[in-house]
Structures are given as structure tokens and as C-alpha cells.
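Read from first to last, the chains carry the letters A, B and C; within each, the first residue is number 1.
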Amino acid sequence: MNPTLLEVRDLNKAFGTVVTARNLNFSLQSGVITSIIGPNGAGKSTLINILTGLIAPDSGEILFHGRDITREPIARRVRWGLCRSFQVANVFGHLSLFENIAIPVLAVTRKATSFLRSTVRDKDVRREVESVLNRIGLLKQSHVRAGALSHGDQRLLEVGIALAAKPSMLFLDEPTAGMNPVERTRILQNIRELSDGGEVTFAIVEHDMDVVFSLSERVIVLHRGQIIGDGTPEQVKASPQVREVYLGEEVAE
Amino acid sequence: MNRYRTYIAAVLVLCVLVGIGLFSSRFVLYLTMRVMILSIFAMGYNILFGRTGLLSFGHAAFYAVGAYGTALCSMHLHTHPLLVILAGAAAAALFAVIIGFFCVRHTEIYFAMLTLAFGMLVFSLMWNWRTVTGGDDGLSGIVRGSISLGFFAIPIMKDSQYYFFVLFCFAVSVLLIHRIYQSPFGLILAGIRENHIRTEFAGLGVKRYRLAAFVVSGTFAGLAGSLGLLLESNVTPFAAHWSHSAEPVLVSLMGGLETFSGPIVGSVLFVVLRELIERFTHNWMLWFGLILLAIIMGFRGGVVGATSVLLKRFSERP
Amino acid sequence: MESFVHVCLAGISAGMFIWLVASGLTLIFGVLRVLNFAHGSFYMLGAYLCYTCLRFLGIDFWLGVIVGPLAVCVVGYVMERFLLRRVYDLELPYQLLLTFSMVLIFDELVKIIWGAGSIGSPSVPGLSGSLMIAGRNFPVYNLFIMIVGPLVAVGLWAFLERSWWGKIIRAAASDREMAAAIGVKVPSLYTAVFVIGAWLSAVGGALAVPYVGLLTTGMGEAIIINAFVVVVIGGLGSLKGAFLGALFIGLLSSFGTRYIPTLDMSLTFILMGVVLLWRPQGFFAGVDR
């Protein structure tokens, strides 16, 4: 059994009468690619938002590397290695790709407060930024403005920004949405490589079932803020409860 | 290539400024000093507005604190120019820390409102605290001492001498702000302007960086206030008034927000325009408002923005 | 004890003028999402136009209170229809700056038309006397203002909650696209709301003519700063917050000037700072929704 990276205890969150997390208890193991699935409104995005600090939970605890992070601000979670990407491309539109990646690199190397040295002349930063750009296949466009990229490339960059913060745990919110097959292959390959290398543990929210079942070693199924299925892809596929509320809809299509 | 061009431009501007200092009439000297002081004010302001994307309507407060700090230090402690200017800038920085602490918790509309309200608080303090600030009369008769450096002293009593001191401060400010724009810190600020949530998720505490930008910006405003006080030798509470806060906004917009040289070009235009308009009418502020309105409705790139678009079109032609 | 009652009464009546300005400000923000810096200028214009009506056109004060604000409505209409409407799509600073440039223009125009000095204003026939309250005289006119303020609040509440127009305005405030989809002409609605907001502020200004005694070109900016503090305390977009906030600020500055005169205006800002630290979103934010 792999060591536990992230642990969630009795997590609750409701918006008015809509419950998006009800007594959630689970843990994520390091090195295991986990997918979080569920029908629309199941509370997947809210769960990521709570875990990464965008939304505060009503009650419950979140432990990361055994440390309670429930009340920690976003930026500190990121520096401790808990990172995320966004569903819609959420990049720095007017800045170049180099600058887009440099921002998280500066943050984790603790160079962001230096205000008299030149960014581009810092060799370590440049090497790091270029290696990330190379990994996502956008090195050649290093000086292009992020806003000028195609939608798919912006999504790649989005993941690149998240990776550049050197996370040990990375939440990806629908990483392949809006990508063409080439980009999709590239991103999936990246996820596998990084996961196999033991650098990053991924947790993915995804609608594309092909991606979910080909990539993940564990699947968590959410429905109305509750976990109704948890196990290997095969176990989840076989669960009657899951089939009823979720896969049933897929099959019926 | 690009950097090369920047250096040439900088050296040229420096030569022109030194030339003005050596050969010009007192009136031109005075106007040029005002341009340089306003440039420092506006460039500092633009760190906050153009770079970080925070629109402050209370920046004159820091200018005024700089001016009052310098005046008080010069009246009660010592008249050494370096000391009084340091006192002014430090006082402005201190105020910026306190006011910024409250303001950076909010963005956009709230931020604009809060800076305006706190700016007017500073104004009302200067107006009411008669025993220290002289009330609505302000402080006047501040003299410029010599810059004594142990073995020798540089006199700056005459305008022609003070001019080079202002030029020195201007050059240092331009250099500093240029370095800040190229630095990691400057990049983070641009990131905050573009997308503050993503910046937070890159592992940076956005509020702290906003506060830092606020303080840096306020300190330059304080420096400008100090220099302005030593130029005019007096200051009134109206230096902190919100109509004065509008100046760096207009200057930045006139020159071009997202450019480094914008505030400098804008300052030249502003001082010259004001000088011209005030010859014909007493209602300079009306024209000020109309120019601002015209820029917002039609010329949002400012002069530098418009010129670079023109240049680009010109160079792209076969 | 006597002075305590009087300080209270003075605070409440002062708060009612701030309320009239803040209500328009917060209403416009709630629907248009624009913070109108020029709102204090509407207050000032309302006062000067009302004054002009009774001084130069020789009409009754009460007619002036109707005519003056109507003229300001025209100004508001022109400003929204021909200027503001063109910048809704731009980034927020440009919208703020547009209204800011209007402040400079209005202030200077007032100086050009009416002169930069202060103007003494006449008292109101019928309400110029004073009443004996708690052993001291208190102006009848101030009591009248203390009735008008809550009346406006109730009227505005009834208009927004009960009338068909109010429903549409609330719908547009909560979801622009949805309102447009069900056939609301959003641009016209925006104009209407802006004009209503301008009217509220101008009525405040017109009613302030006998109250302030002296009209100055700085009266607009003085009240807008207070209105800002009020909406920060009450929560931007909340009418209830604006009413209570205005009352609070009115009382606070009244007590401040009476008991701690050196702090005077600063007291309001200290309160604002405390509120920001303690409850950054304002006291009553979200109550309306």
C-alpha cells in the first residue's frame, strides 16, 4: 500500500439547501492516479475547490502530508505541493508563455520577491521554465503571448503552469476538454510519465470515460455530495449502485 | 536590438535634460523640474495602476505626506536635503503601509473607493491639525540647505543648482522602476493584473504583493512630494486633495498605461498643456476633465500606445 | 441630557441627506455595476438648480425641489445614454475614470455658472421656525427631513419589492442575460435606473438648500466621501445597509463634532477601518438577496 498523501475527514459543504459535500471521508495515496467522476452537479468541482482552498468547507478536516491544511490560504497549500489546473483555460493572457511559466517557478524557488535583478537573465529560472515548456511541447512559442494561442494550447499551458509549481499532488479539472487528439495524447502521456516517475500524484475530474478508464488506477464516484463508489475501474464499472445513478445514463445514450 | 534602442533613447533624453539645465532660462528650468517631479509621481503611480491593475484615487495623500514630512523635518530637525527627502519618503512609505493594509483587502471598485476615502482622511488631518500642519495655510518658507558630504558641500539654493539634484533623483527613479519592471517582482505584479486567482494558485500570496506594490508606489509619490516641496518651498493640504490624485491617473492615461515611458511622455504633455491652457482660462480643471473624458472615450492607448501602433503599421508596409 | 437628545436629532437629520445620495449610488451599482463618482455632483447640481429656481425664476421652494432634480435627471440621462453606455464593455477602471472625469467637469461648470464663492440660501416659508424639544430649540425643517428620509426608504422599498418595474429591476440586477432573454430592454432599463439614482441624489441636494445655509462647490465631494464610507459599511448594493449606514455615520459625526471635535471627520474613517477589519464585506451585504 502506498503512503497516504491527502486525507479528508467528515467534510461538509452546503450552498443554501444544495448539499455539495456530505460527510466525505477518503484518502488519496501517493503515486496512484485517481479519477473523480459523477453526473453534473455531483460536487466534483466544489470538492476540488475545497481541497485546494478556493472555498472554505462548512466543517471537516483536510490533511496533506499529515498536516492540517483546512484553514491554510491557497498560496501556502501550493507552496507545500498541492496544486490544481482549471476547467477553463486560466492563463495570463497578455504575458508571454515564458512569463506564464516563470511566475510559478519564481514562486516555488522563492525568488518572487527579488525586485532589482532581471528575470530573464536568471539562468536557473530560465532552465526550469524551458524544461516545463519543452515538456508540454510549447518551447518554440516561448515568446508568444498566451492569449494568442489556440484553445487547446492554452489548456496545455494551463497544465504547464500547474506543473511548474512542482506539486506533489496535482488536481486536474477536465484536463482534456476542448483538446484535439494530438494535444490529448500529449497531455495523457505527460500525466503517465510524471506519475510513473513518482514525482506527481494526480487526481483528475473528467467527463471522458475513455480517459478515465485508460488512465486511472482508482475511481471515486460522487453523487449529490456523497461517495457512492470507490475502487479500481473494474470494480466501479461492476458496482450496481454506480451503474444505476451514473453509468446507466452513459449506457443508455 | 531593442535594448540597444532603449539605451540610445535614454542617453539622448539625459543629454537633452543636462542641456536644458546648463543653457535654459529660469522659466524653462522650472517647468522641466515640474515635469521630472510629476514623472516620478506618475511612474510610481503606474506601478500600481498600469502594472498591478489597481486604480487608486488617493495617491496624492502620499505625495502630500512626503511634502509635509520633508517640511516638518526641515523646520524642526535639520535642513540637510538628503535627510529631509529621506524623511519625506519614509513618512510616505509608513502611511502607505497603514493605508495599504486596509485597501489591498479589496480590489477594483472597493479599492478605488477606499483609497479615495483614506486619501481624504489624510487631507482632513492636514486641514484640521493646525498646530502641526498649519491648517489651510499649510507650511511655507522651507529653505533648501546645502548637501554637505563631510569634506565639501554642494549648494542647491539656486534653481539652476537644484535642477541637477532633481535630475539626479529623476534618473535614479527611472532606473529603479525600470529594474523593478524587469524583475521577478515586476512580473508577479503583471501576473496579478492579468489573473489574480491564477497567481494565488501559482503559490503567491496576492495580498502581500499588492501591498508591496502599494508601498513602493506610495514611496515614489512621497519622493515626488519631497522634491516638489523643495521646489516650491511651500505646501498646503490641497496637495492631498483628490483632484491632485487625479493627476497621475491622467498623466499615465495620456502617455499610455501599459508602457514604461508612458508616464514620462504624459508628464511632459500635462505640464505643457496646463501651462498653455492656464494662459487663456482659470478653469484648468474643466479641461483636465474633458481631456480625461476624451481619452477614455477614444484614445485609450495614450500617446505612446498610438505612436507605437503607427510605427508598427509604418514598418509593416512593404 | 438635553444636548444628548439634540446631538442625536442633528445626527439623524444629517444622516438622511447622506442616505439620499447613498441610496442612488447603491441602487445604480446594484443594477449597472458601475460606481458613480459623479453622484455627489448630482447632489450639488440639485442644490444649485433648486436655488436658481427660487432665486432667479422666483418660484416657490417646493416647486424648486421638483424642478431642480428633474433638470438633474436630464443631465443624468445624457451622461448615461451618450457616455457611460459606451464603456460598459471596457475594463472597470475606465468606467470609474469616466464618472471621475464627470466630477471634474461638473464641479468646474458649477464654478463657471454660479461662481466659486459660497451662496447664502433662503429659508423655507412654513418650516423656518423651531420647536422646543428637550428644553432647547430645534429647527422644524430638520424634523421634516427626518420624516422625508424614511419615507423615501419605504417608497423605494415598495417600488422595488411591490411594483412591476421593481421586479424587472431586481431581475436585471441579479442576472443581466436572463432579463434580456425574457424580453427586458436592458439598455433602457439601465438608463432608467441611472436617472432614478440621479434623481434621488438631486432631491437630497435640493432639500439640503435650506438645511446647509451655504451652497459651496465642495458640497458634492463632501457628501460623496461620506456616501462611500456608508456603502463600505453597509455593503455595496444593499439599500438596507445604505440606510442604516447613513444613520450611523450621521450620528457618529454628530457626536464626534460635539464631544471629540479634534477628531471630527477622522472618526468616520476610523469606523470604516474597523468595519473593514472586522467584516470586510460590510455589515449588511447579502441581506437584500
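General observations
Rule of thumb we're sticking to: a contact is a pair of C-beta atoms (placed from the backbone, for glycine too) under 8 Å apart; a residue touches a chain by one contact, two chains touch by 3 or more.
On a predicted model such as this, the values are computed, not experimentally measured, just so you know.
Relative to chain A, the chain whose mean Cα position lies farthest away is C. Relative to the centroid of all protein Cα atoms, the closest per-chain Cα centroid is that of B. One simple way to say how far apart two chains are is to compare their mean CA positions; for chain B and chain C this gives 33 Å. Each chain gets one centre point, the mean of its Cα atoms, and the points for chain A and chain B are 43 Å apart.
With each centre defined as the average position of its C-alpha atoms, the distance from chain A to chain C rounds to 48 Å. Partner chain C is touched in their complex by these residues of chain B: 49, 53, 55, 57, 102, 105-106, 108-110, 112-114, 116-118, 120-121, 124-125, 128, 242-243, 246, 249, 253, 283, 285-286, 288-290, 292-293, 296-297, 300.
Across the complex, chain B meets chain A through its residues 176, 179-180, 182-188, 190-191, 194-195, 197-206, 209, 212, 216.
The residues of chain A lying in touch with chain B in their complex are 52, 54, 73-76, 78-79, 83-84, 86, 90-95, 99, 102-104, 106-108, 111-120, 122, 125, 161-162, 164-165. Residue ranges of chain C in contact with chain B, taken from their complex: 29, 35, 37, 83, 86-87, 90, 92-94, 96-98, 100-105, 107-109, 111-112, 221, 225, 228-229, 231-232, 236, 262, 264-266, 269, 272-273, 276-277, 280.
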